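Input: one structure, supplied below.
Letters are used for the chains, namely A, B and C, taken in the order the chains are written, and counting of residues starts over at 1 for each.
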Amino acid sequence: MRYSFKIGGIHPAPNKIASRRIEIFPLPMRASLPLTQHIGAPSKAIVGKGDKVKRGQLIAENSSFVSAGLHAPVSGTVVGVEDIVMPWGKSSRSIVISATEEEHLEDSHDREKYWCDMIPSICDRSLSERLTADEIRTKILQAGIVGLGGATFPSHVKLSIKPEQKPEVLIINACECEPYLMCDDALMCTYPGRIAEGVELMMKAGGIPRAVIAMEDNKPEAAAAMREALQENKDISLRILKTKYPQGGEKQLVEAVTGRRIESGKLPLSVGVVVNNVATAFAVWQAVATSQALIERVITVTGDIAAGERKNYMVAIGTPFSSLPLTLPGEAIAIVGGPMMGRSAVRLDAPVMKGTSGLTVLKRPERRQPLACVRCGACVDACPMGLEPYLLSTYGRLRMWDEARENDVFDCLECGACSYSCPSDRPILDYIRVAKQRAKL
Amino acid sequence: MSSEHIFIYTLVLMGLLGLVGAIVLYLTAKKFKVVEDPRIDQIEGLLPGANCGACGCKGCRDFACECVRRGNLDGLTCPGAGAAAMKNIASILGVDSVDAARNIAVLKCNGSCGARPLTYEYDGASSCAVMDAVGCGTSACSYGCLGCGDCVSVCRFGALRIDESSKLPVVDEKTCTGCGVCVRECPRHLIELRPEGRRNRRVWVACSSRDKGAVARKICSAACIGCGKCAKVCPFGAIEVTDNLSYINPDLCKACGKCLGVCPTGSICATFENITKDKATE
Amino acid sequence: MTEKLILSTTPHIHTSRTVRGAMLHVVLALLPAVFCSLYFFGLPALAVLCVSVAVCVFTEWFITRYMLRRPSTVGDFSAVLTGILLALNLPANLPLWMVAAGAVMALGIGKMAFGGLGCNIFNPALVGRVFLLISFPVAMTCWPLPEAGFGDADGATGATVLSLVKLGQLNPSLLPESDMLWGSMGGSMGEVSALALLAGFVYLLFLRVIKWQIPVAVVAGLAIVDVLAGYPVLYDIFSGGLLLGAIFMATDYVTSPMTRRGMIVYGLFIGIITAAIRRWGAYPEGMSFAILIMNGFTPLINRYMKPHRFSPKKKKEALA
């Protein structure tokens, strides 16, 4: 039997076509860091125009408990704290750092040494045994780590668990159910031992006795690598799930792994589960073992571009997308993230952020001309939350917020399975999203 | 039985049935009659019947009930009905009428197609709310009008339409009642209710961009660049510039039109010809 | 920069399934039944089929083009499908002008009057058929006897098995089931061969165009009444328009419920109503009426038969 969530789900073509090797991408000369890269209060800039910063130095601090700090990804001078246009065209307050040739060379040398010295496969448990939970949590907080799967929830908050909340199992989300994206796959193939160590550290920090690394069955290489790294580990197990979108959705994942269902509006902790992304585990290990803050991450550059350009890169956060080598196929959709939930970008001079898992470039599809809804029920079948997307979408379009609320519009996780499966090409999710926004008021 | 008989029987039977039904209806109507203040119906007749909700009540009927229940018009105005109708309502209630200034919706964006090139193409549901959630829209301005006409579709008085050439909504000041439904609908809060003004003279800044002057100018030639010239020239101190955006306080503005002449981008709009400027050029 | 980026809403990829594709698959699935009816009823059947499809398509085109003044929706093949389904519900020897009238009724009143595909409440083909059945009861219940081999079956006409049974002239338990399976018995064009219809059903299920719930529930509903009333079940299932209706008409997307639970309720009631009309009603066959009645209940079923929620509301209210 293959494990999976029970209701709905779709099977888009996986298209995992990028190379699995992680290439270290050169540091940028100029990095911009938006102060809002996470869920919660924006970080507060503690540097100003003209300040000198070193690579890895804290440049913006937590403004409240649910917030995260920012660190300089390159050494250089702060150009200013100004509005930078985000990929989707709206601006956001950011710290901009510019490096000189000299600083750039020095940083690059340090970075090269850092990655070369890393022994990827050994899983050394001494670290998590030596440190206390508080110490680990403080390190995570200081490193500004947020959930790297895309939701960007500050990790130290997630791991601040009181014993009476009885955490039973830590689920490491390595599903990567979005088509095209491969950054987690690549990371597991390359640094399986370090990830395992990161998981140990997270378990210790949260006081969680057991961990399960869950991935879809389309990643045999990653599964083999992780299995080898986990050989003698009794607390961490591997769970292979069916390839089905959205297997990596938090509620779906918890159901697939434990069989428990999180009630609407509740956190996984209500059923004794903590969910974290696999890349977050790696970042935790980096922060605790090597004292490197979250200043770089793996992103996948993929889609309808030349085969040689489809790669996984280790990039510094703040690097502009336009510096990545890729040729656009004429009229295209550039997506920050995967094609199901990623946001479409119109400006590539915007920076890579903490929650950026990739850049997917798709040839422009034929213009979607929505036809009448034939009430085929494909969206109802696809919805992983058991909602009626066609109905919610109509309520959203006709501004019937009360009815939308009565029909559980807030349970919608915006996975896009409804719009994907609609044979009439109706923008179902677009209007549900409007209903979700407006029904709150 | 001959056919005539059937005919007669049918007539008699139907007639009887009708009679019984009528009596029953009459008795029920008598018994269950609700004595309602006739003023409610009178007031409701004066209201526009659009159920827009601008008064804060659930609908026009509810507003009429509320008027009669309170017995006065304190805090109760129907912007849709207009001043004359409000006066009538006041006289029905036997209270003094309150003079409420008429408000008219104005669009705080002047980014017509000529001023603001459409740099991006959009592929999705044709709705401002959806487009705003996705990103900046079809132009690079993330503050300006998206032009999908969400405001037009919510206006119950038909006072808004999308202009063909500029692709911006246009307010028909005759039919606009200032109910404010469009104000709440616009995802970018571009519509503002401003008092009608003396002799129908209104001046407002038709831009909402908080981008820095140079950036805003690059995106749209009709953008407010926050230069502050208007604030300097205003004799009444009605203009203030915050976050690179100028705002004319309608309570202080006397609609003299001085600011119109000095605005370098023409982002200040008025409902009258700019006399000051003409004088200056003469 | 010659490259251009498009601002698009999520999700950015879409399934390759289309409404047009689904309609085409249903048309393909009907081909065995069409072939069988041509085989048994010959050229008149072909004429009925052609007239029905042509008039249906023309009516939709005419109405969209000249009355609604909007882009024609003929390209989605739903009019073609309605035409074929209507033809399969008619006797092969029906005068062609009646066929045309039925087709105009089906598309004009049954579909376009409601606003076109997706907006109609009742199955258009059945609206056409019921219109004809009520207007021309004699012509509609006088069936040519099937004659193998594409012959010119203008010879004998007779009543269907169902009406013979109804009139007490035939004992259903004496009928050989194989005849019904293969189709060598009287009836409307599409009712003759159960096997051809079942082949279409398997095809549609395999391609996931339709779900199994409705057809199975229809048969189950009919079987329940039959067992209770003591009628031979198999005879009832394979005779008349039950299979055609259950597989191709009741499963029409637009007029059937959205959820699987709803589909089962809908199907069961269709089966029960059909059996009730057949046993105790005035008509020998009740499938079309049963489907139309349940079409009317579809909005209600959609309202009360919600899909299984991931986190059901009941618990939420208990906590609140």
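Quick note on the criterion: a residue touches a chain if its C-beta (ideal position, glycine included) is under 8 Å from a C-beta of that chain, and two chains touch if they have at least 3 such contacts.
Source: prediction; values computed, not measured.
Just to note, of A-B and B-C, the chains joined by more C-beta pairs in contact are A-B. Most remote chain with respect to chain B, judged by CA-atom centres, is C. Averaged C-alpha coordinates put the centre of chain B at 50 Å from the centre of chain C. If you average the CA atoms of chain A and of chain B, the two centres end up 43 Å from each other. Contact with two or more other chains is made by residues 88-89, 333, 343-344, 346, 364, 368, 427, 430 of chain A.
Annotation for chain B: residues 120, 123-125, 130, 134-137 touch two or more other chains.
Among the residues of chain C, those in touch with two or more other chains are 4-9. Contact residues on chain A toward chain B in their complex (touch as defined above): 83, 88-91, 333, 343-344, 346, 364, 367-368, 370, 397, 399, 427, 430-431, 433-434, 437-438.
Chain A meets chain C in the complex at residues 7, 10, 12, 88-89, 179, 251, 261-265, 328-335, 339-348, 360, 362, 364-365, 368, 371-378, 380, 383-388, 390, 408, 411, 414, 416-417, 419-425, 427, 429-430. Residues of chain B touching chain C in their complex: 120-125, 130-131, 134-138.
If you check the complex, the residues on chain C that touch chain A are 2-15, 17-19, 21-22, 73, 76, 115-119, 211, 253-254, 256-259, 306-311, 313, 315-316, 319. Remark: chain B residues 119-120, 123-125, 127, 129-130, 133-137, 140, 142, 154, 211-212, 215 touch chain A in the complex.
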